[in-house]
Structures are given as structure tokens and as C-alpha cells.
Amino acid sequence: MIGGGIGAFIGDAHRRASRICNDYELVGGVFDIDYEKSKEFAVNQGIDLKRVYKSVDALIKAELALPAGERMEAVAIVTPNALHYPFAKKLLSNGFHLICEKPMTLTVKEALDLEKLVAKNKLTFALTHTYTGYPMVRQMRDLIAKGVLGTIQRIDAQYYQGWINAIIYGTGSRITGVWRLDPKHAGVSSCMGDIGVHAFNLIEYTTGLEVKEVLADLNNVKDGVKLDLDGTVLIRFNKKLKGVIRASQVCAGLENDIIIAVYGSKGSLRWHQEEPNFLYLYSDSEPTKVYKPAHGYNEKAAEEGHTMPAGHPEGIYEALANIYKGAAKSIRKEKFKPGEFPTVHDGVRGMKFIHAAVNSNAKGNVWTKL
Amino acid sequence: MIGGGIGAFIGDAHRRASRICNDYELVGGVFDIDYEKSKEFAVNQGIDLKRVYKSVDALIKAELALPAGERMEAVAIVTPNALHYPFAKKLLSNGFHLICEKPMTLTVKEALDLEKLVAKNKLTFALTHTYTGYPMVRQMRDLIAKGVLGTIQRIDAQYYQGWINAIIYGTGSRITGVWRLDPKHAGVSSCMGDIGVHAFNLIEYTTGLEVKEVLADLNNVKDGVKLDLDGTVLIRFNKKLKGVIRASQVCAGLENDIIIAVYGSKGSLRWHQEEPNFLYLYSDSEPTKVYKPAHGYNEKAAEEGHTMPAGHPEGIYEALANIYKGAAKSIRKEKFKPGEFPTVHDGVRGMKFIHAAVNSNAKGNVWTKL
Amino acid sequence: MIGGGIGAFIGDAHRRASRICNDYELVGGVFDIDYEKSKEFAVNQGIDLKRVYKSVDALIKAELALPAGERMEAVAIVTPNALHYPFAKKLLSNGFHLICEKPMTLTVKEALDLEKLVAKNKLTFALTHTYTGYPMVRQMRDLIAKGVLGTIQRIDAQYYQGWINAIIYGTGSRITGVWRLDPKHAGVSSCMGDIGVHAFNLIEYTTGLEVKEVLADLNNVKDGVKLDLDGTVLIRFNKKLKGVIRASQVCAGLENDIIIAVYGSKGSLRWHQEEPNFLYLYSDSEPTKVYKPAHGYNEKAAEEGHTMPAGHPEGIYEALANIYKGAAKSIRKEKFKPGEFPTVHDGVRGMKFIHAAVNSNAKGNVWTKL
Amino acid sequence: MIGGGIGAFIGDAHRRASRICNDYELVGGVFDIDYEKSKEFAVNQGIDLKRVYKSVDALIKAELALPAGERMEAVAIVTPNALHYPFAKKLLSNGFHLICEKPMTLTVKEALDLEKLVAKNKLTFALTHTYTGYPMVRQMRDLIAKGVLGTIQRIDAQYYQGWINAIIYGTGSRITGVWRLDPKHAGVSSCMGDIGVHAFNLIEYTTGLEVKEVLADLNNVKDGVKLDLDGTVLIRFNKKLKGVIRASQVCAGLENDIIIAVYGSKGSLRWHQEEPNFLYLYSDSEPTKVYKPAHGYNEKAAEEGHTMPAGHPEGIYEALANIYKGAAKSIRKEKFKPGEFPTVHDGVRGMKFIHAAVNSNAKGNVWTKL
């Protein structure tokens, strides 16, 4: 693991998820830019200090020197955004499978570069678009693939949060995310780069369709803020299919309010992240149907993604564990289906989306191709 | 009443609402373009056939001939859209108060014309944006006016339905609304004109803010359809406040799925029409609060709009009755507060919105002032 | 109308409901025990003072003196409980159809007496168990009658409120219901008599089954309170089918929290009064189904009980109007189906339930036959 | 670990939970009564075969022979009910800390025996009443302890499932739980022993009150079934405080429908297991409040039980991990608060409840002391 030391929330999530799915063991890493802190963390976690490294370079060198069976097989990158690309490039070049936080890179070029490397070196690259690990999101994808919605006529994805308010107004104590407002660490976008891209990914994941162009209206909300904290992005798939992505980090009191909704000629599907074990299918001619995990009526992917009997709610860690599970299958060369984990290609798509949105906004809200 | 004869749903709603609030008596009208059907309807309703007229002109002439105390005081116009303006103009010119269905007219010019007439003749003109009659919508307006949200940072209104699918795909038996797809009767827009304008009105009603400009992306969805059935409209209030209106008539299985959400720096409010007696206030520092009618903690307007004790759900008829009640106060020259019923000015704003949205779309999705 | 004068909530509800269904006109009554107040009320309502009577006897005498076509056809009794029986008896004896609030009488004997009178005089007697007027309650009844639940295995009905707290602790300003705690006006029970009986009625209404015996544990909650404010009643239908009725008037903050749930071998149905337009059907083998009004998939009774298009919520007034509508059909000798309004027999059943529950509790929680 | 081999759902849950909280390592056990299967399981899990034992006796002998630092510290018992007691007794007698599935034993005597052993040997005994590990259940307990509800006036707990229908009607494929219907393996009760006891435990956990006596009406539902599958239990705390426990395994289509509700003079709290991250506080004078995890407004126990930021739903595994975490603190002699894990005393209380309920029912539904 690179990053994820003391106090880092997302690194902790990765560790728990990897333990839940029981396919991974954390054996070492570079947990903090400060080597002493990195070691302190390793001691807390019961990790052998020999495999706590001063740098990614040192890690690569030392691990490659180990016999194949003892070497780290996969590395999880959970650093701030700007470091994803350089570390990923080095690790992929040296044959390590990767699990990487999103956004994958800062630029489209970097993303394409990683995509090539993954293909060339035949490695597994899992991008943690965690929400695609929820069983009911997988069920939604499979129901759409089966055609239950008829012709898709509208797509609407929402990702609303409020936690950045505490930062821009200097209230509250949640300061861990301040780097997200700094273009040097976060890249060209805060809201679209951090959460809008999840909404975008859920659209392409559940429908199997590609967004062709976007028209974005972004909002920095407050003087002095350098990145977008809020925005609406019109999206187009083809002449008759349009939609919208709505994202905001300044909706006070909202937590992680993600909705993915796909509306078709014969039915509509809607899923809400804060109640992840419910999937709603609306139709004109039948009562609304509510799908839940652990039932024989679900498609296979949904069923495999839920281990408890019906009515025992699983949550975000289990969703992330499902992605770790899918990546493990790929690493082990076992059979898996597209959709079991987001790939480097999803990362490329995400970077294209973020940059197209930012460019559309900068040019005065004009249509911009991905 | 003009229109609203046998089989007309909205006329029936007006009659029930006026009876609930008990300030009106239906004494006559032109219920159908076909005089025989009009009379048949009147017989069913127990209305004196002497006051069933062949035309609006005949109605005006005969009623004006009656002594002031016996004359119709107010007329409800519940015809297809294209007839609103000519009938409203005649009736206002002859001193009748009006309750009128929306959209108020077909053009902005007509709307402005009616606004002038109402002012000149000092009449009451109530436009039935029914959703503003719900107690919890009124509570939302008053909470925002009190400043509980801090700085408003985002506004998002949704109006999704699915019933037009049955018409464009020739399924189902709901054909009463077919005239809505014909520009001659419906005007320049179906989706924005019929339902988008409600979302727009809810925004201006709850926040007291004016939308300054729009950028619309509309969708006719299917070849051969002449009007928009779906669309997204970016909206701007000022440099730092943006938002979005989303409306669709082709979201299969959705009924009348209206959400108005206003997000501020200190809190956010959200209301959903299909569960109208619940209003959600989100904040970063306190548990989410759920307001319900018939409680001392509500503002006055909300309390006056709900007559049953807490927990006895009132619905759409009662909301419409609240608007009839507000109009009755105005007609009787009793004291009332802005917001008790939508006025001709709301009608003007609505027409400006519809036309700006259609123009923005026609010009290639460009910003268009209202 | 008898009772229901100034400030009376339930009388107002009856008037609105009768106006919504448009089958009734309020022409006179005894609105208050104080004749002056009764007249004041009539003036406010625009009722002819000639038909405002000093007493029920005076009303009967004067109305019978009118020609048949001008005479009151039906009388609504909305007085405190103790007056239901004497007034109902007089009115039925003189040939008036009745709409009567519940509980129908104070004793089982009185109830049986009214049942005989109704049969003998061939009159319509509608008891306003209002919740049976909701479309989704009627849908539940019809789905159960069709057998969608398989063998019914458990029945559970809840009616929880909190408003009596304000009375027993002397807080709040809701004093209109104080008579409910006085045995002279309310009869043998507060909680079971006022609300438990609604839960009981919903059970028999939706399932068509008869409760055979009860074992009740009631609670007066606070020293000095003379009647039950809370209680649980075990119920039995037959050897293999049991259930429970739970009711309370001291659940602080709860409004009108009624749930009727019927659990079967093949499926289960659940309805919640505060969201009356949603009916949930659970099954082991299919996604949960949510029924809503105004859809072709509903049974006829549900559809006829909802006049607005889907997604326009109707509420408690419309439910009561449905019962008034059913009674009107019966009064006019039109065809109607059992279940369109609760009858005097439902009133007899209710009185038997209340008395059995009170007796079971008084004897130390023993099984007591209805 | 004892039990929990191939195909066992609850053992898998324990393993995942212990890995999530990261305080445990699974080093060995007796995973199956069949030694070959036990070894096969261990191989799958990557467990050293040296520590896969043929019996609990063999485990004890071998582990005690290891140096203190290498020895198993704690054992998880996840066998069918009848084996809990004999294994627990042996392990406690030999100084092993225990994590044990419920119901703890088959008889009250056995339960008291274990309680004595735990006290005598100063060991940690955690009983996995998993639902007490949910953050919002802990919040409920702390809010009640702070007195926010005023005088508690009613308590109502529900645990409804439907999965036994598939067994008694021979449909479906869920046969893993068949032993639960056999008195030899399950003890005196199915429904009360398996799930009613959870409802009972949630009551005592959230309120800190003790149920004094019960009156139970149980139902075997179908001829040939030897144990209760359904029942209602009246409960009493003192003269003025009563309540009810409702449990069923034959509510078709219900999953794991647990509700714990405590109603007081000043407010009421309600929690629903299938939406575990929402806790509702009702009051007469304020809007309903919805508590969610990961907010500064929560009490400490709730906050410590949720690791993700607000809006990232955690579920049942995390709840169980919280109990494992509490037990780990106790085993390590760290400071912990009552309520961090259910103890052997909770097990004794549970056994008293189950037996009192069964006895009350057998004697004809009479009050029975715990």
C-alpha cells in the first residue's frame, strides 16, 4: 500500500475491504511521506518493519529482489490525486498489479499512458469506483442489459454532499480534505474530479452506454475558491438520448447523496446510495418493484456480491470488498465478468469526462466532446 | 366555469377544491364546446340550466344583466391552453375575477396583456400552480425567508412523469392528454409548458428569487413528435448562484415525481410531492429535521393550510382548496399575504420561462434571458 | 347534522367529505347544545336558520312535517360518544338514514339495538371507520380476497398516537379531547374505544375474518387516569391463526401511526396510514411490490376510490368522502358492494371488541370471547 | 473457532467481522464435526493444519501445551444451539475467552452455570447479539440514558421474518436452518429462542430496564411442527410500564424486519434494522429528528462504532465487528464501557426470557416471572 497511514480514511477503508474479501494480506508499503510516521503506522498494524519503505522506488527495488512467491503481488495506491500517476507508472512498469483510488490521474494523457502500460504488461488495474461494487448497482446493470427498460430515454445522476462548506466557511473540524481545493494536489477540478466522476461512472457502468459530449456549468460558489465545488453537466449519448449529471460539495447537511436513475420507454430504474440495498423498478403497467439482495430473483452478479441472508444490510465496505474480490480473480487469472471491477479504461473515461466538463465550462458552457 | 365538462379531470379537481374550501358555489358556465354536452353535464351536477351558456360571450352578457348580488363573481378557466388567453381577456375586461389553469397564455405578450388588465381593473387573478397550496411548500417558503439556510448555493427542481409514453407508443388508454402534443392547442412546448413551468414556479415561490437566464437542452425523444417531451434547463440567479430544472414526460412508471430542493451554506430543504406532508431540513451540525403539518412549530401559512390534526394526511385537493381559499380572501377584499395564491405575475414569469427555454434550445443551447 | 358546531374538528371533516363526493347538501341540524352557538354556526355556513333546531326531537318533528322531497334524507351524528346511541335510536325510529361517528354506542346492548332498528326499518347506517375509505386499504381487502397471501398466518395492527400526553401532563393547548378521558362521555375505554377499535375494524375489513376472542393488557399509564390510554390485545381467529392489536395514546410525538399488516404463507401485505397511497406486498420469490392508486393493475374498488391521476396524493378527506359516496349509493338504492361503507354490523363488532378487551383486562388478562 | 466450516453462514460472518476490526487472527479450530471437512475448510482459508483439531478436547489440550504467547486467546463458538453449553463450559474452565453465538445455552441452569464460571475465572464472554453493535442502536441507548424520552410509557419490539415458510411448505432451497425446528438441536423454542430473544435483548440494551414478567401466546402455525414459529409476548416492567414483543418466522417475504421502539412522555425513539443508519426521535413540540452515524451530534459510543464519513452506509458486518472490538478491549484489559459487547449476563437474561415465554404459553397464557 502506498499512502493510507495514520488518520487517512480511505486507506483504512481499503484495508478493511481487502480483509473482508479475504483474498489479500497487507505485507508492507510506503504509508506516509514521513518515514517515521510510516513506521509508527506499521507497528500499530502489526506489519513487519522490513517491508516499510522510504519511497516507492525503494519498495520496487526491494520487492523485486524477493523470490516471486514472497513478493508483493498487488499494490494499492491511496495517496492524494497528484501522486496516482507517477506511482502507478513506476509500479506497472515493474510488473505490480494495482488497485488505485480515483481520479486515476490528473490529465487524460496520463490516463492513456497508464492504459497502454496495463495492456502492454498484461497486468490487473482496478480503479476503486466503489459504488459499482454494491449488489443492487450490479443488479441494475444486468436488468438494463436484459432490456427491461425498453428504449432508454433519459439518464440522470446526482452526487450531492455538503462537507466542503465547513472548509470554505472555516467551521467544523473536518480539515482532512483541504488538499482537494488546491489545484496542485487535486488537479483541474474539485467537484467534478472527486464526485462528478463517480456519477459519470455509474451512468456508463449501469447502462453500458458512452457519453459522447457534455455541456457543463460549474460554480466555484465563493470568492477565492480556485476550483469548482458545484456544477451541472448536460450529457448526450445520441440524437435522441440526453441526460444530466448534477454534483455539489456545498449542499449543507447532505452526506453522500448519490442517485443513479435510468428512464426508459417500458420502465425506469432508480438506486440511492444511502439506502444501497433497495433498487426500484417503475413501470406504467405494474406495481413498483423493489429489489433487495440475497434473493433468487436477482441476477448472478448481484447475488455473488452479497454474502449475508436477506435483510442483513451490507454496506460500503462490502461494496469495496467486492471490487477487491473481482481484482483478485483477475490477478489469479480466474474467470470473471466485465463489471466485477472498474478497469484502467474506466479511469481513462473518467479523466476525459472531468476535462471535457472543465473545458466546456471555461469556454462559456459549450458542447465539448469526450 | 369555462371548460371542465364530462370527462375533464382538471375541471373536476377545481370543483372539488372549491367545495372543500366552502367559499364558492358553482352556479353556471360553458362546460363544453358542444352545448348539448354542456347541458348534460350541468344536469348531472344539479346546476340550473338557465346559467349554462353557449359561449363565453353569452355568459358575460347574461351575467352582467343580473343584479350585482346574483351575478357570478369569479370564473374558473379550465380549457386547453390555447383558449386561456382569449377567454381571460374577455372576462377580465368585463369585471370578472378569474381562477385560471396554467400555462396562463401561449405567449409572453399575451401574459403581459393580462397582467395589465388585472392591474387596471383591480381584479383578482389566481393561477392554479396547485403545488404552492401544500402546507409544507408554504413552510419551506417561510423557513427560507427566515434565513434558516444561510446563503443559498444551489437550487434543483425536478418534475418527472411517464404518462406520455403511452401516447407516443400507442399503448395504454390514457388519451385525454393528446392535445398536449399538438402545438396548436398546447403552444410552443409540451414538457416545459406543462410541467417544467411548475418546477420553475416552485423555485421562485419557495425562495423569493428570480431566475435571470436559462440554457435549455430539450428532447422530443421520438421522430414525429413536434414538441419537447423531456429536457434539462440550467438556470442562473446571479454570479454565484446557479441551479437546474429537470423535467420529463417520458420517465416510464413515474407518476408525478416533483422534488424542490434548495441548498444553502447552513442548511438545505427538500420536499417531494408524492409524500407532500413531509419537509426535510438537513444541516451539518444537527440531526435531519422532518416537518409535518398541524404542529405548533410550523409557520402560520403552513398551519392555516392544514385543517386536520397531525397525522391525518391531506392531499392535492386540499392544496388546490388552499389556493381557492386565498383567492376568495382577495375577492372579498380580506387581508391576505403574498403566497396565498399565485397571481397573474406568476403567470407572466412562467411564460417568460417557457419561451426562454424553447428559444435557448432552438438557438443551440445558449444562455437566454427571461 | 347533529353536533359539529364551531370548533368541532370531526364535524368539519364530515362536511368537507360530503361536499367532495358531491352527493350531499347540508341543509340544517342541531350543531351545538347551545342554541345560540348553533345558530351562529349556521350563519357562518350559510345554512337557513329555519332548519337550525333546538333539539333532535325538534328536528325530527319539523323535518317529518316537510314534504318527502324536501325533508332531510340523512343525518350525520358527530357528537361525543355518549350521545350517539340516544340520537341514533330516535332518528332511525323516524326513518332517517344515518352517518354516525364511532364508537357507535357505549354498550354492546345499545349496538345490537341499533342493528335491529336498521334492519327493521330498512335504513342505511354508515359508521365512519374512515380508514376503510382509503383506496389502498380497499386494494388490500381485494387482494386478500383473491388469495394472493395463501394461508393467513399472522395479523398485526397498530394504532399509536401521542396527543393524550399533553392532556395528562398539562402541557400543550390541545384540550378539545378532554372528554375522552371521562367515562361518562367516553364510555368504558379511551384507547381501545377511540383508536383500538379502528385497528380491530381494519383487521376484519381487510381480511374478512372474525376475531373470536381476545386477551387484553391495558394501561392507564398515570395515577388518577380513569381509563386505558395504552394497551396490547392478543387476538385469536382459530387454532392456527393468531395476532395482536397494539394501541396507545401516549407515544409522544407520534401522530396517527396506523399500520395494518397481514402475513400469509405466500405473501404479506402492509399499509401505513401516514403514507396512505402506498401498499406493500412482500413475497419470498419476487421483488416487493408497491401498489399505488390510479393504475390499471388495481382492483375496481381501489380505482373508484381515487379520482386524480396517479401521483396526485389524495388523503383523509377523500377517504371519508368515499364512505359518504358508498352511503349515498345505498340511500339511493343504487348497487354497491360490501365494503363501500362500514355498516351498523361493524359497529356491533366494534362494541363487542371494546367490551371484551376491557373485560379481559379487568379479570386479570384472560381470554374473553367477543 | 468451533463450528463455522464449509457452508456455514454465521461462522463466515464471524470471520469477516473479526478481520474488519483487525484485532483477531484466526489460527485454528474445530470447523466441522467431520475432521476431513474441517481440514478441507482450513486449507481453503489458509489455516495451518496443525491447529485444526478433531475435537474441542483435543484443541484445549494442544493449545494449553503451547507457550502463553502463542496459544489461542479467544475461541468463537458458532455451532448449533445444543453444543454451545458443553463447549463453552470446557473452554471457560480451561481459561479461554469466548465469543459465543446466541442463544447461549438450552436451559437457564446452564446459563447460570456459565455466568458463574466467567466470574470465577475472570474471563471475557461476548455473546453476539449483533444488533447491539449498530451505531444507531448505541445512540438510542445513550439518548435514553440521558433522559430525552422523559418517563418511558410503552416499549414495543418486533422481529419478523418469513424464511421458515420455505421449510414447512417444502418450497425453496433454504434448508440450512432445518435443525432449528428440531427440539434436540434448537432447544425449547424456535421463534422465541432464535429471534424473539434478540428483540428482548434490544429492549433491555436500549433502555437499561429489566423485563419482570411475561405472558406469551405462541403459535406452531402448522400441524406437525414441534416448536413455536410465531408469537406475541406481553411484557411488564412495573405497574405503569408495559410493552410487547412480537416475533414470527412465517411472515412471507419479510427478511429481517426488526423494529425497536421506546415511547416516553417527552419523546419516542424508533430504529429499524433494515435501514440501520437512521434513528428517529419523535416529539410533540419539535420536528422529527433523524440521527445518522458520523456526526458530531452523536454520543461517543455511536461515533466510535462507525468508521466511514457520513453517508457511507456501514452494515451488519461492521456491527458484529464492533462487538468483536469491544470483546478485544476486554480481553486486553483495556478500558471499555458497558454496552460495548453483550456479556454472559445478557445470555442468562435471554435464557430466562425464552423459558418464561415457553412456560407462560404452555400454562395457558399466564403471567410468568423471569
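General remarks:
Which chain is which? They are A, B, C and D, in the order written, and residues in each are numbered from 1.
Everything below uses one rule, namely that a contact is a pair of C-beta atoms (placed from the backbone, for glycine too) under 8 Å apart; a residue touches a chain by one contact, two chains touch by 3 or more.
Since we're looking at a predicted model, the values are computed, not measured.
Look at the CA centroids: the one farthest from the centroid of chain B belongs to D. Across A-D and A-C, the chain pair carrying more C-beta contacts is A-D. With centres set at the average Cα position, the gap from chain A to chain B is 42 Å. Chain centres here are Cα averages; for chain A and chain D they lie 35 Å apart. The distance from the centre of chain A to the centre of chain C, each centre being the mean of the chain's C-alpha atoms, comes to 54 Å.
Looking at chain D, residues 163, 172, 254, 281, 285, 288, 292, 296 sit in touch with two or more other chains. Within the complex formed with chain B, the residues of chain D that make contact are 281, 285-292, 295-297. Only residues 149-150, 153-154, 156, 160, 162-163, 165-166, 169, 171-172, 215, 217, 219, 221-222, 230-232, 234, 236, 240, 242-244, 246, 248, 250-254, 263-268, 281-285, 288, 365, 367 of chain C touch chain D when the two sit together in their complex. The part of chain C that touches chain B in the complex is made up of residues 9, 12-13, 15-16, 19-20, 22, 45, 161, 163, 172-173, 254-257, 273-277, 292, 294, 296, 307-318.
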